[in-house]
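Shared chain: subunit A. Partners: subunit B in the first complex, subunit C in the second.
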Partner chain A sequence: MSIMKKGNIKLATSLFSYAYEWNSGQYTLEDMIRKTRELDLGTGLEIIGFQSLRNFPHITEEQIKEVKSLMEKYDFEPVALDANIDVGIQRNKLMNVDETVEYIKPQITAAQKLGFPILRCQTTAPAEVYKKLVPFAEKANVVMGIELHTPYSVDHPSVIKMREMFEEVDSRVLGFVPDMGTCMHAIPDALLTSFKEAGVTDEMIEVTKEIWLKDIPTPQKFQQLGPTVAAMGATPPQIGRLNMAFSMNGRQPVEKWAEIIPWTVHLHGKFYGFDEHGDEKSIDYEKIFRTFIDGGYNGYIASEYEGSAFTDEFSAFDQVEKQHKLFKKILKKINAE
Partner chain B sequence: MIVEDNLKNVVDEGKVSGFQFGARLPYYRGVSLSMLEEIEVSVDGKVLPQDKVHLIVRDNTYNLKQREEELDDRWEMGEVVNLFIEKEEGLPKGKHQLGLKVNIRIGYLPFPAIRNAQKEITIE
Partner chain C sequence: MGPLDKYILREDALSSNAQGLGLRFQSHWYRALPLSCMDFNLKVNGIPVDEEKVEVEINGKRFPKQKMLELKDEWLFILDQATVHIPMQNPPKKGDICSIEFKLDLYIPYILIGPDQHPLLAGTLVTKNLLCQ
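Coming up: the complex of A and B.
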């Protein structure tokens, strides 16, 4: 029996975490990166094209120079650039395969020019799109890392198709970026608190929790929740809030990631908040780290603080710092064994 | 979301043609203008017609139809754009409750991304 080589996980931060701080208008790109360095939030950085770069993906030489010099000045390794695949950009029709291919190409080129080895892509585009992009990405030497954000767990039909295509094409520019919001074991307290602030009752929350625990596809959960809580008096905006529990929090067992570790190129460390002991009660990060390290994964995990989607109570800098403390504690424990 | 700095009644050829205020996109990234499914402005609880709302992005002004068809120009993250609302005589002087609802159409989300803001403003 061969013994699989153990992996190693390095820490990074995604500027996605700072959505609220960005929107406050008080920080520049350099401020964000400097602060991330000052707080020692990893050796790698992930940035979002449509967030940090004006006119992305058609970026100028000055923008390329700026990003590269900031990465160097603050000593960050460029880990991933996030693409967005806006298939619904036109009002009355979705993009077809060829239009989607053309929408992604300049984003691959932007990653190449900015020196990011991975372009985070989305499951919005089907396997066929990525298959068509392989020669272009190989030429650019950019890996298309397809994010597995809930509800896209490893056995979701679209992901199965993607895996089959990966096997068939067998290219170094195809990979997955599992998002840890896909493998949660509870709806986070911070999210539940925000529901209550929106006037949602405990009774409605209980129903939401019950439906969340059902082994049915997410769209069906939306269908079950709406009428049930509407009968309890929930308004459409409140139902919209409660739906977030289904759209953000997936229930895939952590162990299932093992199936796709050979294809994993990067990880998203999604998180919602911490208890007084510094633990993230809805995501089992120790189990996650063990699963990926035992499976031979060698790469980064980037913090993605999701809390700003529903509350402005916390500073994202503090939140990411807490997550890195937790990550370092887990790594120390695993490495000491 | 609502930025008061640019708040004023707008005078056009000696006549007040409406009012404007600044706004930031309540999202983690910028979006093409075509992805703005709805921009709804209300004053003192009364919703104003959406086709009276014009979006001023840097040097370009977009009416509802132009905005819906604009795939390239973007409302960037953190960027303050001005909303100009056609309204005869603008807003009366004094305090008002200004409401803004922005509905962003994200092709891969199963539901609309709707954000609401309310702010008490003063027209001087």
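Coming up: the complex of A and C.
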């Protein structure tokens, strides 16, 4: 008996993926978008405001025109604009709730002006901030999609508070953007290889893997790892590298996403690299696609290549292309059932 | 820190004039940050520069290094460079090679860590011999 498919997933690319290429200064925004089209990397595009647009969020009419015309020229649907919730911008003093609200408003306006229906927001602001922003976002017709990036899994205390607020306010401008780095089942090989290049030993990697697999909060993992690998001779920069395994790779079971699918407005297809068969061994994308489709999710997944944080061995364009091949293969299989 | 470090100091980053040296740097994050989220330490030919005299030029404006913490509205776009101005009595001349040790610290304002929720420190030390332009 065939199972009725309730949802549909469309493919997009986030320009975040090209950080290494972008920072080189050798590409224009148009180059990035044109290449994404030439490689057929989806029908949707995601842009990080503070990465792609000078003076963001206080953008000019010319910038708005440029972005809109590039989206049209290369036939991309604007999917999400990424805000940053910089509550620590003063370093020695965190923003209070009202200051954070005011910091986010111009970013909502930027999304509205650029024609992006979703503004990716972050868990650095508490539920109270987003609750206060609901009338402003409703007026701008921009959905605040709060990214669930590890360690913010569906049952993290801050996320529970967010979910309670969503239920209470019940507004179309509140939603979640689950990031697939939150639900991994292994530390990616590409990341482990980069550790070795930094002089980390196999023994230290084994300890890191063991601690990663423990069911304890991330801060406790940092506390356990540091002294253990230091005793094995790891230097502070090497410990910093190993900590990346805990800060980037979450262990939430994929099935847990089902709890928040009704609130899901967009997905981040985080990835680290591929094996020789084109598989991402640390993230079970087939299971992820099935979970969201069966749960009735209708929207995009945007490729987010994390390579610029740890390796320059591969071209980000090639890597995103590989992920799209994998995604297309998965969708074909699911649609054929 | 990571692959983006290679862009911090380009080969033409160092320049010399009658007042001293100028060192142009790019940030190693993936997005713009304001000067309030940055700090740096600098040695030229092994000698630490006098922090009180150093200025930072960004977006056509110059500020004392010691004011950086307050400059939350002075953004360094990720493709732009800021210039550190180092006053010197007898600066190296154009064509001289200088050994530069530049430690750039970024305090990531949206990633808070620890019980006191302080911004994540992403610091990188770049050591390079640069030709004075």
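Keep this in mind: the second predicted complex is superposed on the first by the 332 of 337 C-alpha atoms of A that agree within 3 Å, B and C clash if a C-alpha of one lies under 4 Å from a C-alpha of the other, contacts with A are read in each partner's own complex, and residues count from 1 in each chain.
One rule holds in what follows: a residue touches a chain if its C-beta (ideal position, glycine included) is under 8 Å from a C-beta of that chain, and two chains touch if they have at least 3 such contacts.
Here the structure is a predicted model, which is why all the values come from computation and not from measurement.
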| item | value |
| --- | --- |
| Fit-or-clash call for subunit B and subunit C when the two complexes are aligned on subunit A | clash |
| Partner chain in contact with A:183 - subunit B first, subunit C second, else both or neither | neither |
| Which of subunit B and subunit C A:48 touches, first, second, both or neither | both |
| Touched partner set for A:110, first subunit B, second subunit C, both or neither | neither |
| Contacts of A:87 with subunit B and subunit C, given as first, second, both or neither | both |
| Partner chain(s) touched by A:312 [first = subunit B, second = subunit C, both, neither] | second |
| Touched partner set for A:234, first subunit B, second subunit C, both or neither | neither |
| Subunit B versus subunit C as contact partner of A:23, first or second or both or neither | both |
| Touching partner for A:326 - first (subunit B), second (subunit C), both, neither | neither |
| On subunit A, positions contacted by subunit B and by subunit C | 16, 19, 22-23, 25, 48, 50-51, 54-56, 84-91, 94, 122, 124, 219, 240, 308-309 |
| Complex interface listing, subunit A residues touching subunit C | 16, 19-20, 22-25, 48, 50-51, 54-56, 84-92, 94, 122, 124, 219, 240, 307-312 |
| Contact set on subunit C toward subunit A in their complex | 1-4, 6-7, 26, 28, 30-34, 36-37, 69, 72, 75, 77-80, 107-114, 117-119 |
| Interfacial residue positions of subunit B with respect to subunit A in the complex | 24-32, 34-35, 68-69, 71, 74, 76-78, 80, 105-111, 114, 116 |
| Residue ranges of subunit A touching subunit B (in the complex, touch as defined) | 16, 19, 22-23, 25, 48, 50-52, 54-56, 84-91, 94-95, 122-124, 218-219, 222, 237, 240, 243, 247, 308-309 |
